[in-house]
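For reference, the structure I am asking about is given below.
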Amino acid sequence: MATPVLDIRDLSVSYRSDGGLLRALRNINMQIQPGRIVGIVGESGCGKSTLISAIIRLLAPNAQIDGGSIQFKDTDLLALDPETMRALRGVDISMVFQDPMTSLNPVMTIGRQMTDIQYRDNRSKAEKLARATSLLERVGMADPAEQLNRYPHHLSGGMRQRVAIAMALMTEPALLIADEPTTALDATLEVQIIHRLQQLQRDFGCAILFISHHLGVIAELCDEVAVMYAGEVVESGPTRDVFLKARHPYTRKLLECDPARIEQATRNLPVIPGGLPDLSDLPDGCVFRARCDVSIDVCARARPPLDGGDHCTACHVAAQ
Amino acid sequence: MLKFITRRALLALLILFLAVSLLFAMIHMMPGDPASVILGPKASPALKAELSQRMGLDQPLLVQLGHFYADLARGNLGVDVFSDRQVSEIVFEQLPYTLALVLAAIGGATLLGIPLGCFSAIKRNSLLDRVTAVMSVAFIAIPSFVVALYLLLWLAVNWRWFPAMGAGASGDIADQARHLVLPAIALGLGWVGYIARLVRASMLEVMEENHIRTARAFGLPERTIIVHYALRIAVLPTVTILGLGIGAMLSGALFAEIVFSRPGIGKLLHEAVSTRNYPVVMGSVLVTTTFFVLSTLVSDIINAALDPRLRDSGRSS
Amino acid sequence: MSKESGFLSETFASLRKDPLGMAGLILVVMILLASIFASQLAPHDPLEVDVYNRLQSPTWQHWLGTDQLGRDVLSRVLFGGRIALKVALVAISISLSIGLLLGMMAGFGPQWLDRLLVVCFDTLRSFPTIMFALAVVALTGPSLNTVIGVIIITSIPVYARIVRTQTQALRDHDFILAERAMGASTARILSYHILPNIAAPLLILASMDVPAVVGMEAGLSFLGLGVSPPTASWGSILNDGYSYLRNSPWPIIAGGIPLILVTLGFTFFGESLRDILDPKLRGKGGAS
């Protein structure tokens, strides 16, 4: 098997806060093969943002890495010095953020922002602008040369997100991380953006880590999916398997036991009664037990390991 | 952009019109006949009679107002009671000195204040930050003329590091610069603190925003992010404040000019008040007020030029 | 009653943790006491002339030396505090009250009134303050009351603007709309609901305004446009000292010190107060 683009092993991250140590990520294991699209699904607070911040190493000052490694191709990102890590950002690993309204600098033209991120290249300004124009064309912007002279607040949300995607793909990164890129857009726009993203992925061949609430989009876009809950990966595997043959009670609840409904599902995750546990005071045993309706004795005592081969899950009940 | 400028300019014109009318009204609100008020108690009866006739002071108020504005439009601010020179001439002779002082003070304040504020934000709660914070508050609070007096006492009279009087030999830039140092410091010290605080607060806010995170995620060097991405937005409030602050500076400049015996509008005005030279008083106040209104207008326009978001919004601040 | 005293003691406790704020408070109290008890504290009559002992450096007889007429500078400084106090009290309370009224009218009343008032405010604010003061004094002659009057006229727009902004912000809150729906009169809404909510920031503003007002009075007296001789005001002490600068630096040093102390004291205290009360205000929200 080829070297994975991203290989996260046993990653644990906590935040130091007034209320104690918040254990935001615990023993995360995840792999992304080159050219594959992997999705992450989970409700707010499950640790998706922390995971992304950890990968690009832009965690908050009060965060700490408790253990584990993040291998990008052959390099352990956690062992890199800040300068080398900075060299990777935007070149080998790119990001598209969630909120297009605030992710672009409001007082600079699109063109300026798109040429600034090419600062490492020795090309002339005209060449950089030409590159930017061609990228804007490929993400489906009308009148790309015109857009370069405009400011972000002149563009609609959808257009801004296309710009963000264009910026992220400018350097043909090996890994593109997309943090809920369509959550702030309306449904028709979402469809367009997702289709464009699929096409671009085929053209560029990059791996994508795609975070979303929208199960339907994950189903359509992603080859594999990982379900996160309260800082742990509770289930992962090929998307078809996970969604059609869900093994973890949480995943089942998300899918409402009816895979066919994914197509018509609302764009928000279904609401499950109960709430996330307190990350600074986690219970023993399985982290989902409080909201689970099929738990057994052992669930209260021992934390279920993530196992099961390609389609794995962390659940005592499923393991039986 | 043009629409914005037109709108703001018209508003400024209106305010100016009202302010000038107010000055005009003040003369007529005083007890006694307007000629005495305008020319002061020192003027001879013959002069008063001539003025009354010339200005048509027996005519209805509105007609007088019209004449007043007609004169203004022609640049005629009246005649100095004592020297018989045109007030406009006298005022514009002194204006450059005051402008030089104000510009020097603003220039110094921004040159010092912006980097101080930036460093304070980046190195939060460091010694530099804390000291800057306390000193800023202190110098904003203390009246500038007290600072001027102490500077005069210590650095000019006691230690003789800088000249104590005047503007310096004309034509000699170095000498004039030396004469500018102490007054400019007295005038600008409070502003250094003010600007530093403003920039610090702005920077802290901007650095938290999402687009800075995006810039980092694309691996841009920290220095580029701080100077070109964050600071550029963070200094915007400074521009507005400066435009509005020119008014306060004009007042402070008056004190600086008097303490350091510098020529300028402030000194001119003060002398005119002491000698009851009303035409000069009114002329000076008129010119400085106009200047203030214009500077507010210009700062609004520059602000809109720097921050494109402001151009399209319906109302300004 | 207990709720109020709890609030006060809580505020005071927070204040104690802030060394600058405490220092400011102490300075303010000291100066207030010194000014109020000036007659008791002053070693000499501030108007007593003693030409043989003019322009002396500090001695045991005269702790801060004497001015050009042999008057004791320390005593003059102490009595000067009374002038500063009087000006601050009168000017701020009057401009605050009028500004409050006008600001509420502008913020709560009809659009045309708002526009009219705002134009008036902006017009008044378009004059550089001292220039305006000079223009008025040129017409009416110097006097302390003129100074107070000018300060009031130039301060009203500042207070009014802030009150207006706050009133506008509150006007659209639900509880106000509810009161209007129930037919409450404008006066009632303004006094019972809007006023308590803007009172705190307004009072903080007023206390922060003291340094500016004291500074302005001192400045105008320094220019010879405020108190008439031989009355002692910190500004007039500085004025006298300035004329005799090369003979003796002490009047200037002495005159400047109380100004520095007052401005620093009130500013540090006011800033500290604002930091303490602000987050609390935000936490409370709504009408009392």
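Miscellaneous remarks
The first chain written gets the first letter, and so on, giving A, B and C; residue counts start at 1 in each chain.
Here, a contact is a pair of C-beta atoms (placed from the backbone, for glycine too) under 8 Å apart; a residue touches a chain by one contact, two chains touch by 3 or more.
Model, not experiment: these values are computed from the prediction.
In summary, no chain was found to touch both chain B and chain C. Note: the chain lying farthest from chain C is A, by mean C-alpha position.
Distance from each chain's C-alpha mean to the overall C-alpha mean is smallest for B.
With centres taken as mean Cα positions, chain C sits 23 Å from chain B. Between the CA-based centres of chain A and chain B the separation comes to 53 Å, rounded to the whole angstrom.
Spacing of chain A relative to chain C, judged by their CA centroids, is 57 angstrom.
Within chain B, contacts with two or more other chains are made by no residue at all. Against chain A, the residues of chain B that register as touching in their complex are 209-211, 213-221, 224, 228-229, 232-233, 306-309, 312.
Chain B contributes residues 14-16, 18-19, 22-23, 26-27, 30, 37, 134, 137-138, 140-143, 145-146, 149-150, 152-153, 157-158, 247-248, 250-251, 254-255, 258-259, 269-270, 272-274, 276, 278, 281-282, 284-285, 288-289, 292-293, 296 to its touches with chain C in the complex.
If you check the complex, the residues on chain A that touch chain B are 56, 58, 86-91, 94-95, 97, 99, 102-108, 116-117, 119, 151, 153, 164, 167. Chain C contributes residues 20, 119, 122-123, 125-132, 134-140, 211, 215, 218-219, 222-225, 238, 241-242, 245-246, 249, 252-253, 256, 259-260, 263-264, 266-268, 271 to its touches with chain B in the complex.
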